[in-house]
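You will see two complexes here that share chain A, one where it goes with chain B and one where it goes with chain C.
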Partner chain A sequence: MQFFGGSEISPSPPTPTTTTGNNAHMIYIFNRNGVCLLYREWNRPLHTLNPQQDHKLMFGLLFSLKSLAAKMDPTSADKGNLGVPQLPGQGCSFHSFRTNSYKLSFMETPSGIKFILVTNPRTSDLRETLKYIYNLYVEYVAKNPLYTPGTPIRCELFNTAVDQYVRSI
Partner chain B sequence: LSPTIGCSEIELLEADTFDLYCFQSLTGTKFFVVCEPGTQHMEALLKVVYELYTDYVLKNPFYEMKMPIRCELFDINLAQAVQKDRVALLGQ
Partner chain C sequence: MGREVSESCIDSLLTEVVSTYCNRFYANKPELAARRIEAIGYQVGHQLSERYTMERPRFSDHLEAIKFICKDFWFELFKKQIDNLKTNHRGTFVLQDNRFCWLTRMSIDQSPENGTSEELSIMADNKAMQSMHLYFPCGIIRGALSNLGIPCAVSADISNLPACSFVIRIKA
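== the complex of A and B ==
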């Protein structure tokens, strides 16, 4: 899978395919150890768990789904037992799942940073969107000399940029 | 984890090399289809399979619940339904 296509540092955002704004419910960003670097919500009528449990459940769900996708892959030969952790680039990984009330899009970078976006179920493929948000992360967070990797993101510019971009999807 | 009320179960899981569709009947029996990414009309196929299941398996007086399905007619009709689907796709 070619991850860094093109030579632009910040490619222009993909043209929105859906007409209405206010599509997205919430966004999570995790690092490879399960620390939730960012959680923002814009439209979440239902809260069932407290934030810590919610983050842990989300991370656990993603871990299990990635493992499942790698083992269920019909195109590759068998690779060991279920439950063996997969490295970021290895094996087939899922990129979204859909229920009747929401769609969850997922992207993992080679460094293990996971981006999750929860939107309404009619949204089309959001992989380009997540790549753009990753570019925002690189610009505002990774290149920030005052940011310690592995800690929650406390950068207003990044938050504003993400809010603005997501509202335009 | 759902942001809104009224969430039932995962209907579709999209991965790099395959899609996994799921249908759950009212009694909790789950039907899964693994297909190429971007295949259309898999939900309809799942409903068709569910119909075949009710006709050939549940209405079979010799079938014991929760045992693996060993019914030839069901297998034949299932293969036919998938084949019809494949032909329809190739014909487009």
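== the complex of A and C ==
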């Protein structure tokens, strides 16, 4: 499993899926300028980088992936140059990628807020989940009188709501 | 009665009113900002009570008027009634709303970030901001009651979010 494992059929490393009911590993929320608004982890055994580098790496990865996906789109005739930022909603956007040990799901809202959820590889399509988390964001963060847009999220209600919802995925 | 406005618009407008009065107009004078916001609430309450008591007979005593505020008036404003009313029968009433809608989304992070003194001052600031948001509803209640002929003073108490209590002291 360690050396030549790579096909879908090989057993993935044992994950305690039912003991804690926790399918999700981490969540990131970025705004359109790359500021990491929220990072929460529930199950992350391995940390390779310090938090700032980790956030920058994640944002850069998604930026490049989106750009690449839009450029390689076979159905649309008009494509911008590779690397040019596109308006949220323009071009085609990728939803998720899956490896043998995790699945990363992504959603970008029209206002440029990016939601990234890393879960175990056997979860199904999480677009509805991400939409629900966006709803939680609108209710508890965007409408919170004490929150300044563009700053890291420090709202307890939002944190508990996200924790509770993610536990039920 | 015809036309409606989106609730999110009202919420955002009130948030902006408080933030503008506190941070721009009366930046270092929170008492003045509070008084202005309460005065705006007073006007609003005055006019709303006129509208909502159009078809009703006059109130027989103070308690009836307060009960009107708790039930019909609060229902028109917030789609729910006051959850608990207490009185000492000597002119003081406490109205408790267990889930005041303008406070439901307000929350601050309690986790310790840096040294304790900084965190304490941040929490004190946040408490002050939260209480700023209550001057408007206090003004509404005061305006409504004064239009019904009952001069009073109203204050709010948020010892446990999202429930809050409004204390009405009727001026003898």
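Operating definition for what follows: the second predicted complex is superposed on the first by the 148 of 169 C-alpha atoms of A that agree within 3 Å, B and C clash if a C-alpha of one lies under 4 Å from a C-alpha of the other, contacts with A are read in each partner's own complex, and residues count from 1 in each chain.
Basically, a residue touches a chain if its C-beta (ideal position, glycine included) is under 8 Å from a C-beta of that chain, and two chains touch if they have at least 3 such contacts.
Since the model is a prediction, treat every value here as computed from it, not as a measurement.
K.L.:
So, on chain A, is it clash or fit between chain B and chain C?
P.N.:
With chain A aligned, chain B clears chain C, so fit.
K.L.:
Which holds for A:Glu128: it touches chain B only (first), chain C only (second), both, or neither?
P.N.:
After superposition on chain A, A:Glu128 lies in contact with neither partner.
K.L.:
In this superposed model, does chain C or chain B come into contact with more residues of chain A?
P.N.:
B
K.L.:
Touch check for A:Tyr140: first (chain B), second (chain C), both, or neither?
P.N.:
Only chain C is touched by A:Tyr140; chain B is not.
K.L.:
Looking at A:Cys155 after the superposition, I want to know if it touches chain B, chain C, both of them or none. Which is it: first, second, both, neither?
P.N.:
second
K.L.:
A:Asp163 contacts which: chain B (first), chain C (second), both, neither?
P.N.:
neither
K.L.:
Looking at the superposed set of three chains, what is the minimum CA distance between chain B and chain C in Å?
P.N.:
Shortest inter-chain C-alpha distance (chain B to chain C): 24 Å.
K.L.:
Would you tell me the residues on chain A in contact with chain B in one complex that are also in contact with chain C in the other?
P.N.:
Of chain A, no residue contacts chain B in one complex and chain C in the other.
K.L.:
In their shared complex, at which residues does chain B touch chain A?
P.N.:
1-18, 20, 34
K.L.:
What residues of chain C sit close enough to touch chain A in their complex?
P.N.:
On the chain C side, the touching residues are 8, 11-12, 14-15, 18-19, 105-110, 126, 129-130, 133.
K.L.:
Please name which positions on chain A make contact with chain C in the complex.
P.N.:
Answer in residue numbers: 139-140, 143-146, 154-159.
K.L.:
Which of the residues in chain A end up touching chain B in this complex?
P.N.:
Within the complex, chain A touches chain B at residues 1, 25-26, 41, 43-46, 48, 54, 57-58, 61, 65, 69, 72-76, 92-102, 118.
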